[in-house]
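Chain nomenclature is as follows: A, B, C, D, E and F, assigned in order of appearance, with residue numbering initiated at 1 for each chain independently.
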Amino acid sequence: MGVVRRNESISTWEDSDFVQGFALLSRKDVRQDRKGRDYVDGELTDSSGRMSAKIWPDSPAIKSNFAENDFVAFKGTVHLYRDQLQVNIDHCRQVRDRDRDDGFDPELLIPSTPEDLDELGRRLEALLPGAIERPALADLVREAQRRYGDRLRVHPAAKRIHHAYRGGLLEHVVKMAELAVDVCRHYPEIDRDLVLLGVYFHDLGKLREIGAMPVNDYTLEGQLVGHITIGVEMLRECCAAVDQVSDDLRLHLEHLVVSHHGRREWGSPIEPSTPEAFVLHLIDNLDSKLNQRRDLPPTEGDLQYDKALGRTIYLGKPDKPEDKAS
Amino acid sequence: MGVVRRNESISTWEDSDFVQGFALLSRKDVRQDRKGRDYVDGELTDSSGRMSAKIWPDSPAIKSNFAENDFVAFKGTVHLYRDQLQVNIDHCRQVRDRDRDDGFDPELLIPSTPEDLDELGRRLEALLPGAIERPALADLVREAQRRYGDRLRVHPAAKRIHHAYRGGLLEHVVKMAELAVDVCRHYPEIDRDLVLLGVYFHDLGKLREIGAMPVNDYTLEGQLVGHITIGVEMLRECCAAVDQVSDDLRLHLEHLVVSHHGRREWGSPIEPSTPEAFVLHLIDNLDSKLNQRRDLPPTEGDLQYDKALGRTIYLGKPDKPEDKAS
Amino acid sequence: MGVVRRNESISTWEDSDFVQGFALLSRKDVRQDRKGRDYVDGELTDSSGRMSAKIWPDSPAIKSNFAENDFVAFKGTVHLYRDQLQVNIDHCRQVRDRDRDDGFDPELLIPSTPEDLDELGRRLEALLPGAIERPALADLVREAQRRYGDRLRVHPAAKRIHHAYRGGLLEHVVKMAELAVDVCRHYPEIDRDLVLLGVYFHDLGKLREIGAMPVNDYTLEGQLVGHITIGVEMLRECCAAVDQVSDDLRLHLEHLVVSHHGRREWGSPIEPSTPEAFVLHLIDNLDSKLNQRRDLPPTEGDLQYDKALGRTIYLGKPDKPEDKAS
Amino acid sequence: MGVVRRNESISTWEDSDFVQGFALLSRKDVRQDRKGRDYVDGELTDSSGRMSAKIWPDSPAIKSNFAENDFVAFKGTVHLYRDQLQVNIDHCRQVRDRDRDDGFDPELLIPSTPEDLDELGRRLEALLPGAIERPALADLVREAQRRYGDRLRVHPAAKRIHHAYRGGLLEHVVKMAELAVDVCRHYPEIDRDLVLLGVYFHDLGKLREIGAMPVNDYTLEGQLVGHITIGVEMLRECCAAVDQVSDDLRLHLEHLVVSHHGRREWGSPIEPSTPEAFVLHLIDNLDSKLNQRRDLPPTEGDLQYDKALGRTIYLGKPDKPEDKAS
Amino acid sequence: MGVVRRNESISTWEDSDFVQGFALLSRKDVRQDRKGRDYVDGELTDSSGRMSAKIWPDSPAIKSNFAENDFVAFKGTVHLYRDQLQVNIDHCRQVRDRDRDDGFDPELLIPSTPEDLDELGRRLEALLPGAIERPALADLVREAQRRYGDRLRVHPAAKRIHHAYRGGLLEHVVKMAELAVDVCRHYPEIDRDLVLLGVYFHDLGKLREIGAMPVNDYTLEGQLVGHITIGVEMLRECCAAVDQVSDDLRLHLEHLVVSHHGRREWGSPIEPSTPEAFVLHLIDNLDSKLNQRRDLPPTEGDLQYDKALGRTIYLGKPDKPEDKAS
Amino acid sequence: MGVVRRNESISTWEDSDFVQGFALLSRKDVRQDRKGRDYVDGELTDSSGRMSAKIWPDSPAIKSNFAENDFVAFKGTVHLYRDQLQVNIDHCRQVRDRDRDDGFDPELLIPSTPEDLDELGRRLEALLPGAIERPALADLVREAQRRYGDRLRVHPAAKRIHHAYRGGLLEHVVKMAELAVDVCRHYPEIDRDLVLLGVYFHDLGKLREIGAMPVNDYTLEGQLVGHITIGVEMLRECCAAVDQVSDDLRLHLEHLVVSHHGRREWGSPIEPSTPEAFVLHLIDNLDSKLNQRRDLPPTEGDLQYDKALGRTIYLGKPDKPEDKAS
């Protein structure tokens, strides 16, 4: 009943399958069995998901040389153990350059945004700086992109909860920017430039708060200072480099970064005090909450338990018209 | 230095002006002076604002017949007393039908939405039911409009805080609906029909919670039951009348009404548990907060103290480009 | 040392006993052992308690046909495993009608109130409608009993925490009603009719919020709308059917249902605003808290850890006089 | 239109009345008018209520000798000033012993319970110690009554909020005790002796926390230590004097005093951890809340604004049957 | 009974005094009397206190040229009005340079620390940088002093609540530094350098958050960004200028500034996560609370009502030994 | 690779070691294996730490006579099981008197303060009563030491969180007293006597709230009454015995005990209302927080997860100068 799967996504593996390919060894703990022999309790990850992995003492792989967070080439067999699939590894080694010929591609092995990164990049540029009216602010975005654009492109937006994957931060910024343009159309008293700049900078401090994928854990700076204060510093450095942004304008932008969590107890030392800051906080909230939904593991029927919120979410769309559901 | 003002808005009155016209007598307290003679401590209101009014014992108006919340024809003089303007009334009587020839128009005398009510009505219809895909839900909107459309058109959305004026509820619903359409375009997984129906029904209970303008105080039903529970009942009655809305669909709509305040401590007995309920709560929050901004009295410079939030709001738009500010 | 127990309560089973009888199969998960063979990890429940149950691959029962939440006839042996008793099942099948001759009685197999249901029914009727002074309200109770009396008789009052068993809701209502009569005697300014009606309707929405025993999980309506809002609808439908209840009276009753949780953060969108609503909230609190005590599993000495409250409860009654303790 | 009122309650006074009698001078502030002459801004209080009082510079009373919180004999005239009644005092002096012949009775001049104090005393004794089963606990009550009975009889139960009048503490204890007997009948697992003793001692510390009427302000001990900790000490002293109360019993009683506010943030350092403590907390809550209702000043219609709760209370009893309302 | 007071502190003025000297005109509102003539409702302030001031229409001063927050030379008479002293101004003009010969000294006219500023400066230098062990950190302090030392010397520490006077910030820093040295002696595991640097920088952002005396209101930057985020920027700029502070060290210092309010809801976006951060938060709390005590206005006996805490403070020192009290 | 360790601390044991010596058997649960044979799942503790211990059915120790919380003599072998060290016991018996010759010393077997107890005693006496100025208060300390000194010397300060070891309470008191002396030097308005007495008495109630080591669980009195109320009683008894402490002084001391947790929700029924009470609360907070740090198990790098605070603590001291680190 098991089949042979070569270079197939982890999410497709089933009980008894023989599997072979490339993965990220996202965890590696060396343990001892009752007889004192070493075995490895680890985990394989690719962009589709993750699975527990064991390298038993009698596996040839036990003597290979590889470390946690290495990309590895592996062979093994999938088993069901206590209702969970796990893979017993027979062969395992670090990848080599020439593995690319056999299908190794690191981009396929870490969880990534479902969107196309290039396309996201173009959508960003169309609005930031594309839609900015004040020349000084457009220059500010260009300066920031020059400094951070490459990292913004691939960074996750969070360690967990929402957009916790490669490209997640860029996706979050682009969606919020597009949403901001539409929201501002309904409220002409809102200064759209400011909201868009707020969207760009609000989470930029995460580039230093959270490590890049695949590691994405908090950095020491993240733990001690936090992305809000870091983000203000990054904003100030960009303003200083551009040198045409007036002080009042800079203060307003700093306020957007500082206040975007909306309340002190949610981590903003200053609470939203401009209409633009309210808009930024609310569209950030909207995009995060909805993305969070999408990331949750499927559960029974139309229900999904959301640990962060502590309640069950209902995803049913009763009587949805045909044409729309297709 | 005082001028004669006939049928001019209260907001234009200045110290020493002689004023004449029509107003709502929004407060009337009969008091006694040191000599035991009656005088009236009251308040005149029109759509532009309100001013304290006195009818002294020696004013001919003291013997006229009129009551609190009457529309009145008046003559008087404006004075500065303890840094506040007030008007001393010489003549005052209830309005008569033929006063319309002299410019009496009740619509001008109560605070109203700055938008045109007919135009708002057309914008509502274009989306609700105009943009609804499920025929049963479009019928549901039509049924609700048949029952409540006239009152929805002129009701305030709140006793204070936001949209607390004639037409405020309709304006709030229309802006949220238009915003919802744009937001849903960015999140195809959201069921737009449901969000739009949620927009329509979420505050409908306010028709019974708050009295119509000019009285807009809480009704006994508002105090004892509250607009959320009332709104669910109104929704159920409409569903029962239409009779094609499935139970699942109705439950989802009830959920949208019940949960739209977002948190138990903000008055929702059940918290948002569908993606559509999150969207509804957040766009309600957005439109209320921004309207609230607009209603605040102007203060010094670009600063405005917001009593509901307990902090000062900054309304500056630094370096705003010319073409946009105009 | 094990004995043979036929048709004895689960709470009496001990290590090594051979047991035979009828039970509710309250959980059935099919799993695979290391060799890939199916086994069942399940749970047997009767009114006295519950025990983990295993059907191993070599048990004849493994091929029988039965499902989760079926009543089953079984044979098995009790073992101590990791400090917990569990039963290994040898035979297991769905019950048949003629099993009643051998002692099968579904009423014995689900947790039930210790009170006699018929007696509870009579006590209810004596007060509701028996003690109601306004004819319209007595009729209202009769109408509600006609509609919901049968389900009220057997429904649990909660999914967990308090009165979470068959007949629990009726027991809760009867005890509160009897308590209400006594409390009102001490406060003549309280309108007893209203409190008693509040007692009757306050949790009635649980008939639709929670499934009947043995399933008693939240329904979709329970999750999306909640028993408070459901209860108001049930009350309104009864009022409409009776058609003599004045609007003011109905609003007051709705208020009792809406506010009975006492605070917004405890789930009441409107907080108690009449003296009767305070009384209802407090006697509901009293009866729930005391019943909760009674349901807790016994622990060492006179101490009992209460997970819901997060603290240890002391049940000692020092120096209790003989005659009373007996 | 004014009448002459001699020895009539303040609550009966109306505009223009000439009034004469005895009162408590509950406030006396000496101020200066524009010409630098002294006048008194004060307040007269009797058991029926209070009224603002002025002694103008030209009043003969201005030279009399009396102090704040003195009982005084007075003559004056009532006036309406800014919608409030106030009395202008012509004569005012401290009371003398022989004033008792003219109707002076201090008991009539401070706010008191509407109940008869002797009758309350008998009702207390019937239950405490009358209904106590354990001889040691009955003795404990007798010892406490011997020590504190006289002061308990006349002390207020609070500085404001509930039972804030002479005899208020006794009334509160008696009503709770009678209620406790009824509640315990419904829950035989509750140890009634303990609840009754808890009722007796729970607020006893207020004898030292709050001064006796008419002063009833916080004492220094009340401010620094609080009635809960004081009450535990009073209980311990009584236990030590009686000398038959076992340690376990005493600890349980101490727990009842310590925990009766129900939550840490409401002032109980230890939260209720016995069933008896839950009962005590809830009936204390019930009696306080309902008494609080009764003390509120009447407002328009059936509505009453409750400052402590921050919401409007509705006191209507719709369609109350004739025989009951009479 | 009034005396002539020349160049005496406002706190010494009494009813009927004729006063002359220099003061800060801390408020100036131009109003109109009943006859439409301008008068000034203002306030005089010096380092000893403040008093309401009136310039009536017939005062020669009414035509003088001076503005709010000017230092003025004045003459006037003190009166008691509604239990409050106020001064009626006869002459008033801006100060001139040669007024210094007559006793004008701006330092005497704004509320100031009771400590000597030079002495505070020496005490600061002895510890910061005097007691710093790491040369890089001592340089960091020197750099900061070079940049901010002059303003630190005279700035208030708060708009209200604690140290809200000239030199308040320096006094607060010096006292905390001296306290920190003592506390660290008891806990050798604490890195004293870090705590001292934290003391220096923790409130430095107030130089930009609050205006200098006499204006000390929030600046726009204070309102929009807040002193915590501003302080981190000032720290970073100093670190960049010094250029020997390692990144880890800088992060730790930033953490001290960011976390010194102790909790998110008190305004720290990151909560204390190093032992040094706990120490800093607690000694800041200690010095602020105790200074706050000292600033409160005296009230009756040993009691003092503290509005910020919402409770009465008892300042009695019972039975204090003679030698210590002297 | 394993070595033989005789009378060595548990913290030194490693995989495969053969160990022999004395320990506290801090847990003993008898369980059954699959074959129904008894084995012991227990835990050995000494002052250096604790380790899981197993006595298998075939161990000679299984038949020995010993109970939970006995001191035992044992022999066994250390193994790594699921990444945790555990010891398999071969021999185990209760200690005998003559074991002291072989190195048994109960003081070595329970977690203790790292400080020398005699030295702590001397440091206490130097301040309490040594530094007390009022003779009555010095006598009060002597009386308390006479009553409680012996138990104070060895009691833990808490069940967990901080100072949860033998001598912990004394260490906490001594450190706080020494800290108090230094803090008071900076604030001469603080009454040092009162703070020192507050330090002595603030946690004294823990002598009755928590059992002595090694048992240190809550007593029934601890659970029902709590150390704050107990502590006030102990203070009162000492005051009564000394008989020269004035009532005002005693009230102030009681206030210090009652309020030392700082807030109602942290367990103080009355919040700090004297400057001395603020000081006491803050230095208690400081010493507890810092001791808590020291007790945490070491984790990776300079990071340490603190469960009580729910966040990671960073213990790095970047670039610490050589001389100081040594």
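Just so we're on the same page, a contact is a pair of C-beta atoms (placed from the backbone, for glycine too) under 8 Å apart; a residue touches a chain by one contact, two chains touch by 3 or more.
Values in this document were obtained by computation on a predicted structure and should not be read as measured data.
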Top of the farthest list for subunit B, CA-centroid basis, is F
Per the C-alpha centroid definition, the whole-Å distance linking subunit A and subunit C comes out as 45
Rounded to the nearest Å, the gap separating the Cα centres of subunit C and subunit E is 63
Going by residue number, subunit E touches two or more other chains at 220, 223-224, 248, 252, 255, 273-274, 312, 314
Chain pairs that touch, by label, are A-B, A-C, A-E, A-F, B-C, B-D, B-E, C-D, C-F, D-E, D-F, E-F
Interface with subunit A, subunit B side, in the complex: residues 133-134, 136, 175, 178-179, 182-183, 185-187, 189-191, 194, 246, 248-249, 252, 255, 271, 273-275, 278-279, 282-283, 285-286, 289-290, 293-294, 309, 311-321, 324
The subunit D residues in contact with subunit F across the complex are 220-221, 223-226, 228-229, 232-233, 236, 248, 251-252, 254-255, 258, 264-270, 273-274
So, in the complex, the side of subunit B touching subunit E is made of residues 15-16, 80-81, 83, 312, 314
Within the complex, subunit D is touched by subunit B residues 29, 31-32, 34, 36, 220, 223-224
